[in-house]
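Note that chain A is present in both complexes that follow, paired respectively with chain B and with chain C.
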Partner chain A sequence: MNEFSNTLKVTASALRAQAMRLRHTAENISNADTPGYRRKTVPFESMTGSGDGVDLVKTGRVRLDGGRLPRIHDPAHPMADANGHYQGSNVNLMLEIADAREAQRSYEANLKMFDQARQMSASLMDLLRK
Partner chain B sequence: MDIQSLSAAQSYASARPATKPNPAPEGAGLGGAFQDFASTLRQSEALSESAMTGQADPHALVQALAQTELAVETAVTVRNKVVEAYQEILRMPV
Partner chain C sequence: MFTKLNVFATAHAMATHAGHRHAVIARNMAHADTPGYKAQDVKTFGTLVSESSDGSLFRKTRSTHMHGQDGLDWKSAEFTADAPADPNGNSVSIEEQMLNAVDAKRQHDQAMAIYKSALTVLRTGLGRG
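Let's turn to the complex of A and B:
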(Lines of atoms letter the chains of each structure in order from A and count residues from 1; the text may use other names and numbers.)
(Lines give C-alpha, C1' and ligand atoms only; values in the text may rest on other atoms or scores of the structure.)
Protein backbone atom coordinates (compact mmCIF):
# COMPACT_ATOMS: atom_id res chain seq x y z
CA MET A 1 0.00 0.00 0.00
CA ASN A 2 1.43 3.38 -0.91
CA GLU A 3 1.09 6.57 1.11
CA PHE A 4 -1.86 7.85 -0.89
CA SER A 5 -3.82 4.70 -0.09
CA ASN A 6 -2.91 5.10 3.57
CA THR A 7 -4.09 8.71 3.51
CA LEU A 8 -7.40 7.63 2.04
CA LYS A 9 -7.71 4.95 4.71
CA VAL A 10 -7.01 7.33 7.61
CA THR A 11 -9.34 9.98 6.23
CA ALA A 12 -12.15 7.51 5.73
CA SER A 13 -11.79 6.34 9.33
CA ALA A 14 -11.96 9.97 10.52
CA LEU A 15 -15.08 10.59 8.41
CA ARG A 16 -16.68 7.53 9.96
CA ALA A 17 -15.80 8.72 13.46
CA GLN A 18 -17.26 12.18 12.86
CA ALA A 19 -20.44 10.65 11.46
CA MET A 20 -20.72 8.55 14.61
CA ARG A 21 -20.24 11.66 16.74
CA LEU A 22 -22.97 13.47 14.81
CA ARG A 23 -25.27 10.50 15.34
CA HIS A 24 -24.84 10.68 19.10
CA THR A 25 -25.41 14.44 19.04
CA ALA A 26 -28.61 13.83 17.11
CA GLU A 27 -29.69 11.27 19.71
CA ASN A 28 -29.07 13.82 22.47
CA ILE A 29 -31.09 16.50 20.71
CA SER A 30 -33.92 14.11 19.96
CA ASN A 31 -34.08 13.05 23.58
CA ALA A 32 -33.75 16.53 25.06
CA ASP A 33 -37.30 16.29 26.43
CA THR A 34 -37.18 12.63 27.46
CA PRO A 35 -37.54 12.30 31.25
CA GLY A 36 -34.47 10.74 32.89
CA TYR A 37 -32.33 10.81 29.72
CA ARG A 38 -28.61 11.31 30.26
CA ARG A 39 -26.53 13.04 27.60
CA LYS A 40 -24.29 10.66 25.59
CA THR A 41 -20.70 11.53 24.74
CA VAL A 42 -18.41 9.51 22.54
CA PRO A 43 -14.60 9.59 22.93
CA PHE A 44 -12.17 9.33 20.02
CA GLU A 45 -9.30 6.87 20.23
CA SER A 46 -6.38 6.36 17.90
CA MET A 47 -6.08 2.85 16.55
CA THR A 48 -2.75 1.52 15.33
CA GLY A 49 -4.08 -1.55 13.64
CA SER A 50 -2.47 -3.29 10.71
CA GLY A 51 1.15 -2.83 11.81
CA ASP A 52 2.12 -0.37 9.06
CA GLY A 53 2.38 2.53 11.51
CA VAL A 54 -0.81 4.20 10.31
CA ASP A 55 -2.84 5.76 13.13
CA LEU A 56 -6.52 5.41 12.32
CA VAL A 57 -9.15 7.04 14.51
CA LYS A 58 -12.12 5.23 15.95
CA THR A 59 -14.86 6.00 18.41
CA GLY A 60 -14.66 4.36 21.80
CA ARG A 61 -17.36 3.23 24.18
CA VAL A 62 -20.25 5.62 24.64
CA ARG A 63 -20.20 7.45 27.99
CA LEU A 64 -23.17 8.88 29.80
CA ASP A 65 -22.94 12.35 31.23
CA GLY A 66 -23.08 12.03 35.04
CA GLY A 67 -24.42 15.55 35.52
CA ARG A 68 -27.40 16.24 37.76
CA LEU A 69 -30.81 15.69 36.16
CA PRO A 70 -33.02 18.76 36.58
CA ARG A 71 -36.20 18.45 38.65
CA ILE A 72 -39.13 19.80 36.70
CA HIS A 73 -42.35 20.82 38.39
CA ASP A 74 -45.37 19.48 36.49
CA PRO A 75 -48.02 17.78 38.63
CA ALA A 76 -49.97 16.74 35.54
CA HIS A 77 -47.07 14.66 34.24
CA PRO A 78 -47.63 10.88 34.49
CA MET A 79 -44.15 10.40 36.02
CA ALA A 80 -44.53 13.13 38.62
CA ASP A 81 -43.87 12.16 42.24
CA ALA A 82 -45.87 13.17 45.32
CA ASN A 83 -44.51 16.74 45.21
CA GLY A 84 -45.37 17.12 41.53
CA HIS A 85 -41.75 16.90 40.31
CA TYR A 86 -40.19 14.61 37.72
CA GLN A 87 -36.61 14.28 36.49
CA GLY A 88 -35.87 15.77 33.09
CA SER A 89 -32.85 15.16 30.85
CA ASN A 90 -29.48 16.85 31.32
CA VAL A 91 -29.11 17.72 27.63
CA ASN A 92 -27.97 21.29 26.99
CA LEU A 93 -29.19 22.20 23.53
CA MET A 94 -26.61 24.95 23.11
CA LEU A 95 -23.79 22.46 23.78
CA GLU A 96 -25.27 19.95 21.35
CA ILE A 97 -25.57 22.50 18.55
CA ALA A 98 -21.95 23.54 19.10
CA ASP A 99 -20.87 19.90 19.08
CA ALA A 100 -22.78 19.22 15.86
CA ARG A 101 -21.21 22.25 14.21
CA GLU A 102 -17.75 21.10 15.30
CA ALA A 103 -18.41 17.63 13.89
CA GLN A 104 -19.42 19.24 10.60
CA ARG A 105 -16.25 21.33 10.44
CA SER A 106 -14.04 18.32 11.18
CA TYR A 107 -15.91 16.31 8.56
CA GLU A 108 -15.30 19.03 5.99
CA ALA A 109 -11.61 19.17 6.86
CA ASN A 110 -11.26 15.43 6.38
CA LEU A 111 -13.19 15.56 3.11
CA LYS A 112 -10.73 18.18 1.91
CA MET A 113 -7.83 15.91 2.87
CA PHE A 114 -9.44 13.04 0.95
CA ASP A 115 -9.79 15.21 -2.14
CA GLN A 116 -6.25 16.51 -1.73
CA ALA A 117 -4.80 13.00 -1.70
CA ARG A 118 -6.75 12.11 -4.83
CA GLN A 119 -5.65 15.23 -6.64
CA MET A 120 -2.03 14.66 -5.70
CA SER A 121 -2.03 11.11 -6.99
CA ALA A 122 -3.77 12.24 -10.18
CA SER A 123 -1.14 14.91 -10.83
CA LEU A 124 1.60 12.37 -10.18
CA MET A 125 0.12 10.11 -12.83
CA ASP A 126 -0.24 13.08 -15.18
CA LEU A 127 3.55 13.34 -15.18
CA LEU A 128 3.78 9.89 -16.78
CA ARG A 129 0.96 10.61 -19.24
CA LYS A 130 2.52 13.82 -20.51
CA MET B 1 45.15 -11.03 -35.68
CA ASP B 2 44.70 -14.53 -34.31
CA ILE B 3 45.33 -13.31 -30.81
CA GLN B 4 42.89 -10.45 -31.26
CA SER B 5 40.00 -12.70 -32.31
CA LEU B 6 40.86 -15.11 -29.52
CA SER B 7 40.72 -12.40 -26.90
CA ALA B 8 37.49 -11.09 -28.39
CA ALA B 9 35.94 -14.53 -28.16
CA GLN B 10 37.18 -14.85 -24.58
CA SER B 11 35.76 -11.54 -23.47
CA TYR B 12 32.50 -12.38 -25.18
CA ALA B 13 32.35 -15.72 -23.35
CA SER B 14 33.09 -14.00 -20.04
CA ALA B 15 30.42 -11.33 -20.61
CA ARG B 16 27.79 -13.77 -21.80
CA PRO B 17 26.40 -14.91 -18.43
CA ALA B 18 25.38 -11.33 -17.69
CA THR B 19 22.52 -11.54 -20.20
CA LYS B 20 21.24 -14.88 -18.94
CA PRO B 21 17.67 -14.77 -17.63
CA ASN B 22 17.34 -15.05 -13.88
CA PRO B 23 15.40 -18.27 -13.21
CA ALA B 24 13.90 -17.01 -9.94
CA PRO B 25 13.31 -13.25 -9.80
CA GLU B 26 13.87 -11.88 -6.32
CA GLY B 27 11.01 -10.24 -4.42
CA ALA B 28 7.40 -9.85 -5.47
CA GLY B 29 8.20 -7.56 -8.43
CA LEU B 30 5.63 -6.90 -11.11
CA GLY B 31 3.63 -10.05 -10.34
CA GLY B 32 3.11 -8.91 -6.76
CA ALA B 33 2.01 -5.46 -7.92
CA PHE B 34 -0.56 -7.00 -10.25
CA GLN B 35 -1.82 -9.28 -7.50
CA ASP B 36 -2.18 -6.25 -5.25
CA PHE B 37 -4.10 -4.49 -8.02
CA ALA B 38 -6.41 -7.45 -8.55
CA SER B 39 -7.11 -7.81 -4.83
CA THR B 40 -7.91 -4.07 -4.58
CA LEU B 41 -10.40 -4.45 -7.44
CA ARG B 42 -11.97 -7.52 -5.90
CA GLN B 43 -12.28 -5.85 -2.50
CA SER B 44 -14.02 -2.77 -3.88
CA GLU B 45 -16.33 -4.94 -5.94
CA ALA B 46 -17.40 -6.87 -2.86
CA LEU B 47 -17.79 -3.65 -0.89
CA SER B 48 -19.95 -1.95 -3.50
CA GLU B 49 -22.11 -5.05 -3.66
CA SER B 50 -22.68 -5.02 0.09
CA ALA B 51 -23.22 -1.23 0.06
CA MET B 52 -25.93 -1.63 -2.55
CA THR B 53 -27.69 -4.12 -0.30
CA GLY B 54 -27.30 -1.75 2.63
CA GLN B 55 -24.71 -3.62 4.66
CA ALA B 56 -21.57 -1.47 4.32
CA ASP B 57 -21.34 2.18 5.30
CA PRO B 58 -20.86 4.78 2.56
CA HIS B 59 -17.46 5.85 3.91
CA ALA B 60 -16.01 2.42 3.30
CA LEU B 61 -17.54 2.41 -0.18
CA VAL B 62 -16.10 5.81 -1.09
CA GLN B 63 -12.71 4.82 0.28
CA ALA B 64 -12.65 1.56 -1.65
CA LEU B 65 -13.74 3.22 -4.90
CA ALA B 66 -11.12 5.97 -4.56
CA GLN B 67 -8.53 3.30 -3.82
CA THR B 68 -9.58 1.42 -6.95
CA GLU B 69 -9.56 4.57 -9.05
CA LEU B 70 -5.99 5.20 -7.90
CA ALA B 71 -4.93 1.64 -8.72
CA VAL B 72 -6.64 1.51 -12.12
CA GLU B 73 -5.19 4.88 -13.10
CA THR B 74 -1.71 3.72 -12.16
CA ALA B 75 -2.09 0.46 -14.05
CA VAL B 76 -3.48 2.12 -17.18
CA THR B 77 -0.77 4.77 -17.19
CA VAL B 78 1.99 2.20 -16.81
CA ARG B 79 0.46 0.04 -19.53
CA ASN B 80 0.22 2.99 -21.91
CA LYS B 81 3.85 3.80 -21.23
CA VAL B 82 4.92 0.20 -21.89
CA VAL B 83 2.93 0.00 -25.14
CA GLU B 84 4.38 3.33 -26.24
CA ALA B 85 7.91 2.09 -25.61
CA TYR B 86 7.19 -1.12 -27.52
CA GLN B 87 5.88 0.80 -30.54
CA GLU B 88 8.92 3.02 -30.40
CA ILE B 89 11.10 -0.09 -30.68
CA LEU B 90 8.98 -1.43 -33.57
CA ARG B 91 9.43 1.80 -35.48
CA MET B 92 13.20 1.58 -35.16
CA PRO B 93 14.85 1.21 -38.58
CA VAL B 94 16.88 -2.04 -38.68
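Let's turn to the complex of A and C:
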Protein backbone atom coordinates (compact mmCIF):
# COMPACT_ATOMS: atom_id res chain seq x y z
CA MET A 1 0.00 0.00 0.00
CA ASN A 2 2.91 2.28 0.83
CA GLU A 3 4.30 1.72 -2.65
CA PHE A 4 1.05 2.88 -4.17
CA SER A 5 1.05 6.08 -2.19
CA ASN A 6 4.67 6.64 -3.25
CA THR A 7 3.62 6.14 -6.86
CA LEU A 8 0.75 8.57 -6.53
CA LYS A 9 3.00 11.12 -4.82
CA VAL A 10 5.77 11.05 -7.43
CA THR A 11 3.29 11.04 -10.31
CA ALA A 12 1.43 14.01 -8.85
CA SER A 13 4.68 15.94 -8.54
CA ALA A 14 5.46 15.21 -12.20
CA LEU A 15 1.99 16.37 -13.25
CA ARG A 16 2.53 19.62 -11.36
CA ALA A 17 5.93 20.12 -13.00
CA GLN A 18 4.58 19.51 -16.50
CA ALA A 19 1.68 21.87 -15.86
CA MET A 20 4.15 24.55 -14.78
CA ARG A 21 6.16 23.98 -17.96
CA LEU A 22 3.02 24.31 -20.04
CA ARG A 23 2.14 27.53 -18.22
CA HIS A 24 5.48 29.09 -19.14
CA THR A 25 5.11 27.93 -22.72
CA ALA A 26 1.70 29.64 -22.82
CA GLU A 27 3.27 32.81 -21.41
CA ASN A 28 5.92 32.72 -24.12
CA ILE A 29 3.38 32.24 -26.88
CA SER A 30 1.13 35.03 -25.67
CA ASN A 31 4.12 37.39 -25.47
CA ALA A 32 5.49 36.44 -28.88
CA ASP A 33 4.88 40.00 -30.13
CA THR A 34 5.81 41.93 -26.96
CA PRO A 35 8.82 44.16 -27.70
CA GLY A 36 11.89 43.20 -25.65
CA TYR A 37 10.35 39.98 -24.24
CA ARG A 38 12.80 37.16 -23.57
CA ARG A 39 11.67 33.54 -23.76
CA LYS A 40 11.19 31.87 -20.32
CA THR A 41 12.25 28.29 -19.58
CA VAL A 42 11.97 26.18 -16.42
CA PRO A 43 14.52 23.46 -15.59
CA PHE A 44 13.31 20.15 -14.13
CA GLU A 45 15.11 18.98 -11.03
CA SER A 46 15.00 15.91 -8.86
CA MET A 47 14.03 16.67 -5.27
CA THR A 48 15.95 14.07 -3.25
CA GLY A 49 15.77 13.56 0.47
CA SER A 50 12.05 14.12 0.86
CA GLY A 51 11.90 11.58 3.68
CA ASP A 52 10.90 8.11 2.48
CA GLY A 53 13.35 7.82 -0.40
CA VAL A 54 10.97 9.11 -3.05
CA ASP A 55 12.66 11.67 -5.26
CA LEU A 56 9.93 13.95 -6.50
CA VAL A 57 10.14 16.19 -9.55
CA LYS A 58 10.16 19.92 -9.09
CA THR A 59 10.67 22.87 -11.36
CA GLY A 60 13.64 25.11 -10.65
CA ARG A 61 13.98 28.88 -10.97
CA VAL A 62 12.71 30.41 -14.18
CA ARG A 63 15.49 31.20 -16.64
CA LEU A 64 15.43 33.78 -19.38
CA ASP A 65 16.69 32.81 -22.81
CA GLY A 66 19.86 34.81 -23.44
CA GLY A 67 19.46 34.69 -27.21
CA ARG A 68 19.75 37.88 -29.25
CA LEU A 69 16.57 39.94 -29.60
CA PRO A 70 15.74 40.61 -33.24
CA ARG A 71 15.88 44.24 -34.44
CA ILE A 72 12.71 45.06 -36.29
CA HIS A 73 12.52 47.99 -38.68
CA ASP A 74 9.32 49.96 -38.17
CA PRO A 75 9.77 53.76 -37.95
CA ALA A 76 6.09 54.21 -37.08
CA HIS A 77 6.41 52.12 -33.91
CA PRO A 78 6.25 54.17 -30.69
CA MET A 79 9.33 52.39 -29.31
CA ALA A 80 11.44 52.83 -32.44
CA ASP A 81 14.87 54.42 -31.97
CA ALA A 82 16.47 57.11 -34.16
CA ASN A 83 17.17 54.61 -36.96
CA GLY A 84 13.57 53.35 -36.94
CA HIS A 85 14.40 50.01 -35.25
CA TYR A 86 12.94 48.45 -32.12
CA GLN A 87 13.75 45.21 -30.32
CA GLY A 88 11.29 42.35 -30.77
CA SER A 89 11.00 39.18 -28.64
CA ASN A 90 13.15 36.11 -29.13
CA VAL A 91 10.21 33.67 -28.93
CA ASN A 92 10.23 31.04 -31.67
CA LEU A 93 6.63 29.90 -32.07
CA MET A 94 7.60 26.58 -33.68
CA LEU A 95 9.79 25.77 -30.67
CA GLU A 96 7.06 26.68 -28.21
CA ILE A 97 4.46 24.53 -29.96
CA ALA A 98 6.86 21.57 -29.97
CA ASP A 99 7.60 22.12 -26.28
CA ALA A 100 3.91 22.33 -25.44
CA ARG A 101 3.24 19.11 -27.33
CA GLU A 102 6.04 17.34 -25.46
CA ALA A 103 4.72 18.58 -22.12
CA GLN A 104 1.28 17.29 -23.06
CA ARG A 105 2.60 13.84 -23.91
CA SER A 106 4.51 13.59 -20.65
CA TYR A 107 1.45 14.78 -18.75
CA GLU A 108 -0.69 12.11 -20.39
CA ALA A 109 1.86 9.39 -19.65
CA ASN A 110 1.96 10.39 -15.99
CA LEU A 111 -1.81 10.53 -15.80
CA LYS A 112 -1.91 7.00 -17.17
CA MET A 113 0.48 5.83 -14.45
CA PHE A 114 -1.67 7.52 -11.83
CA ASP A 115 -4.76 5.77 -13.09
CA GLN A 116 -2.98 2.43 -13.23
CA ALA A 117 -1.78 2.72 -9.63
CA ARG A 118 -5.31 3.64 -8.61
CA GLN A 119 -6.71 0.57 -10.36
CA MET A 120 -4.13 -1.67 -8.72
CA SER A 121 -4.98 -0.47 -5.23
CA ALA A 122 -8.68 -0.72 -6.04
CA SER A 123 -8.24 -4.38 -7.02
CA LEU A 124 -6.46 -4.89 -3.71
CA MET A 125 -9.45 -3.44 -1.90
CA ASP A 126 -11.73 -5.69 -3.91
CA LEU A 127 -10.22 -8.70 -2.13
CA LEU A 128 -12.12 -7.66 0.96
CA ARG A 129 -15.38 -7.88 -0.91
CA LYS A 130 -17.11 -11.15 -1.30
CA MET B 1 -2.25 -27.30 3.19
CA PHE B 2 -3.89 -25.31 5.95
CA THR B 3 -0.84 -24.86 8.15
CA LYS B 4 1.45 -22.86 5.87
CA LEU B 5 -0.78 -21.51 3.10
CA ASN B 6 2.02 -21.23 0.57
CA VAL B 7 -0.26 -20.05 -2.20
CA PHE B 8 -1.18 -16.97 -0.23
CA ALA B 9 2.44 -16.23 0.65
CA THR B 10 3.49 -16.53 -2.98
CA ALA B 11 0.59 -14.42 -4.24
CA HIS B 12 1.38 -11.80 -1.61
CA ALA B 13 5.05 -11.73 -2.62
CA MET B 14 4.11 -11.47 -6.27
CA ALA B 15 1.71 -8.59 -5.69
CA THR B 16 4.26 -6.77 -3.52
CA HIS B 17 6.87 -7.19 -6.22
CA ALA B 18 4.47 -5.86 -8.87
CA GLY B 19 3.61 -2.89 -6.67
CA HIS B 20 7.24 -2.07 -6.12
CA ARG B 21 8.10 -2.37 -9.79
CA HIS B 22 5.16 -0.13 -10.61
CA ALA B 23 6.48 2.49 -8.18
CA VAL B 24 9.93 2.37 -9.79
CA ILE B 25 8.41 2.75 -13.25
CA ALA B 26 6.27 5.67 -12.09
CA ARG B 27 9.42 7.34 -10.80
CA ASN B 28 11.09 6.86 -14.17
CA MET B 29 8.09 8.26 -15.95
CA ALA B 30 7.95 11.28 -13.64
CA HIS B 31 11.62 11.99 -14.35
CA ALA B 32 11.26 11.55 -18.12
CA ASP B 33 12.32 15.18 -18.62
CA THR B 34 14.83 15.59 -15.77
CA PRO B 35 18.37 16.06 -17.12
CA GLY B 36 20.85 13.41 -16.02
CA TYR B 37 18.28 10.95 -14.66
CA LYS B 38 19.01 7.26 -15.29
CA ALA B 39 16.10 4.83 -15.72
CA GLN B 40 15.82 2.17 -12.99
CA ASP B 41 14.26 -1.25 -13.06
CA VAL B 42 13.63 -4.17 -10.70
CA LYS B 43 14.70 -7.77 -11.26
CA THR B 44 11.86 -10.02 -12.36
CA PHE B 45 9.95 -11.96 -9.74
CA GLY B 46 11.17 -15.26 -11.19
CA THR B 47 14.82 -14.22 -10.87
CA LEU B 48 14.33 -13.14 -7.28
CA VAL B 49 12.71 -16.43 -6.35
CA SER B 50 15.45 -18.52 -7.94
CA GLU B 51 18.14 -16.30 -6.36
CA SER B 52 16.89 -16.72 -2.80
CA SER B 53 19.27 -19.12 -1.08
CA ASP B 54 16.91 -21.89 0.00
CA GLY B 55 14.16 -21.16 -2.45
CA SER B 56 11.94 -20.12 0.41
CA LEU B 57 9.70 -17.32 -0.73
CA PHE B 58 8.92 -16.39 2.84
CA ARG B 59 12.41 -15.26 3.66
CA LYS B 60 13.14 -13.54 0.39
CA THR B 61 10.05 -11.48 -0.03
CA ARG B 62 8.85 -10.89 3.50
CA SER B 63 12.10 -10.12 5.25
CA THR B 64 10.82 -6.58 5.53
CA HIS B 65 8.14 -7.90 7.79
CA MET B 66 10.28 -10.16 9.90
CA HIS B 67 13.12 -7.74 10.63
CA GLY B 68 10.92 -4.72 10.85
CA GLN B 69 12.85 -2.87 8.16
CA ASP B 70 11.19 -1.30 5.20
CA GLY B 71 12.21 -1.55 1.59
CA LEU B 72 15.75 -2.82 2.18
CA ASP B 73 15.26 -6.03 0.32
CA TRP B 74 13.61 -4.41 -2.69
CA LYS B 75 16.26 -1.73 -2.87
CA SER B 76 18.90 -4.38 -3.53
CA ALA B 77 16.80 -5.80 -6.35
CA GLU B 78 16.82 -2.50 -8.21
CA PHE B 79 19.33 -1.86 -10.95
CA THR B 80 20.03 0.87 -13.46
CA ALA B 81 18.61 -0.15 -16.79
CA ASP B 82 21.07 -0.18 -19.66
CA ALA B 83 19.59 2.18 -22.22
CA PRO B 84 20.98 4.81 -24.58
CA ALA B 85 20.80 8.29 -23.08
CA ASP B 86 19.59 11.56 -24.55
CA PRO B 87 22.07 14.41 -25.04
CA ASN B 88 21.04 15.76 -21.62
CA GLY B 89 21.98 12.47 -19.93
CA ASN B 90 18.42 11.21 -19.43
CA SER B 91 17.93 7.54 -20.33
CA VAL B 92 14.13 7.19 -19.86
CA SER B 93 12.16 6.00 -22.86
CA ILE B 94 8.46 6.70 -22.24
CA GLU B 95 7.33 3.95 -24.62
CA GLU B 96 9.42 1.32 -22.88
CA GLN B 97 8.24 2.46 -19.44
CA MET B 98 4.63 2.28 -20.66
CA LEU B 99 5.13 -1.38 -21.67
CA ASN B 100 6.86 -2.16 -18.37
CA ALA B 101 4.00 -0.56 -16.46
CA VAL B 102 1.44 -2.72 -18.27
CA ASP B 103 3.63 -5.72 -17.46
CA ALA B 104 3.64 -4.83 -13.76
CA LYS B 105 -0.10 -4.26 -13.77
CA ARG B 106 -0.70 -7.65 -15.36
CA GLN B 107 1.51 -9.33 -12.80
CA HIS B 108 -0.45 -7.61 -10.04
CA ASP B 109 -3.78 -8.69 -11.56
CA GLN B 110 -2.47 -12.22 -11.87
CA ALA B 111 -1.45 -12.30 -8.20
CA MET B 112 -4.85 -10.92 -7.21
CA ALA B 113 -6.62 -13.59 -9.25
CA ILE B 114 -4.55 -16.33 -7.62
CA TYR B 115 -5.24 -14.94 -4.16
CA LYS B 116 -8.96 -14.68 -4.84
CA SER B 117 -9.20 -18.18 -6.22
CA ALA B 118 -7.31 -19.64 -3.25
CA LEU B 119 -9.66 -17.72 -0.98
CA THR B 120 -12.61 -19.33 -2.74
CA VAL B 121 -11.05 -22.76 -2.18
CA LEU B 122 -10.74 -22.01 1.54
CA ARG B 123 -14.31 -20.75 1.71
CA THR B 124 -15.56 -23.86 -0.04
CA GLY B 125 -13.61 -25.92 2.48
CA LEU B 126 -15.45 -24.15 5.26
CA GLY B 127 -18.71 -24.97 3.57
CA ARG B 128 -19.65 -21.39 2.79
CA GLY B 129 -18.85 -21.48 -0.90
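Just so we're on the same page, the second predicted complex is superposed on the first by the 127 of 130 C-alpha atoms of A that agree within 3 Å, B and C clash if a C-alpha of one lies under 4 Å from a C-alpha of the other, contacts with A are read in each partner's own complex, and residues count from 1 in each chain.
Please note the rule applied: contacts are C-beta pairs under 8 Å (C-beta built on N, C-alpha and C of every residue); 3 or more make two chains touch, one makes a residue touch a chain.
The structure presented is a predicted model; accordingly, all values stated were derived computationally and were not measured.
K.L.:
Will chain C clash with chain B on chain A after the two structures are superposed, or do they fit?
P.N.:
Superposition result for chain B and chain C: fit.
K.L.:
By residue count, is chain A touched more by chain B or by chain C?
P.N.:
Of chain B and chain C, more residues of chain A lie in contact with C.
K.L.:
Just to be sure I read the superposition right, which of the two partners does A:43 touch: chain B = first, chain C = second, or both, or neither?
P.N.:
Touch status of A:43: second partner only.
K.L.:
Check the residue A:120 against both partner chains and state whether it touches chain B (first), chain C (second), both, or neither.
P.N.:
Only chain C is touched by A:120; chain B is not.
K.L.:
Touching A:106 in the superposition: chain B (first), chain C (second), both, neither?
P.N.:
Touch status of A:106: second partner only.
K.L.:
Using the superposition on chain A described above, determine whether A:78 touches chain B (first), chain C (second), both, or neither.
P.N.:
neither
K.L.:
Tell me which partner A:66 touches in the superposition: chain B (first), chain C (second), both or neither.
P.N.:
neither
K.L.:
According to the stated criteria, A:57 is in contact with first (chain B), second (chain C), both, or neither; which is it?
P.N.:
Only chain C; A:57 stays clear of chain B.
K.L.:
Taking the superposition as given, does A:4 touch the first partner, chain B, the second, chain C, both, or neither?
P.N.:
In the superposed model, A:4 contacts both chain B and chain C.
K.L.:
Once superposed, minimum distance in angstrom between C-alpha atoms of chain B and those of chain C?
P.N.:
Minimum C-alpha separation, chain B to chain C: 10 Å.
K.L.:
Once the complexes are superposed, what residues of chain A are shared between the chain B interface and the chain C interface?
P.N.:
Chain A residues touching both partners: 4, 11.
K.L.:
Looking at the complex, which residues from chain C come into contact with chain A?
P.N.:
Within the complex, chain C contacts chain A at residues 15-16, 18-20, 22-23, 25-27, 29-35, 37, 70-71, 94, 97-98, 101, 105, 108-109, 112, 115-116, 119.
K.L.:
Quick one: which bits of chain A touch chain B in the complex? Just the residue numbers, please.
P.N.:
4-5, 8-9, 11-12, 15-16, 19, 114, 118, 121-122, 125, 128-129
K.L.:
Please give the residue numbers of chain A that touch chain C in the complex, ascending.
P.N.:
Touching chain C from chain A are residues 2-4, 6-7, 10-11, 13-14, 17-18, 21, 43-46, 53-57, 102, 105-106, 109-110, 112-113, 116-117, 119-120, 123-124, 126-127.
K.L.:
Please output the residues of chain B touching chain A within their complex, sorted ascending.
P.N.:
Spelled out, the residues of chain B in touch with chain A are 57, 59-60, 62-63, 66-67, 69-70, 73-74, 77-78, 80-81.
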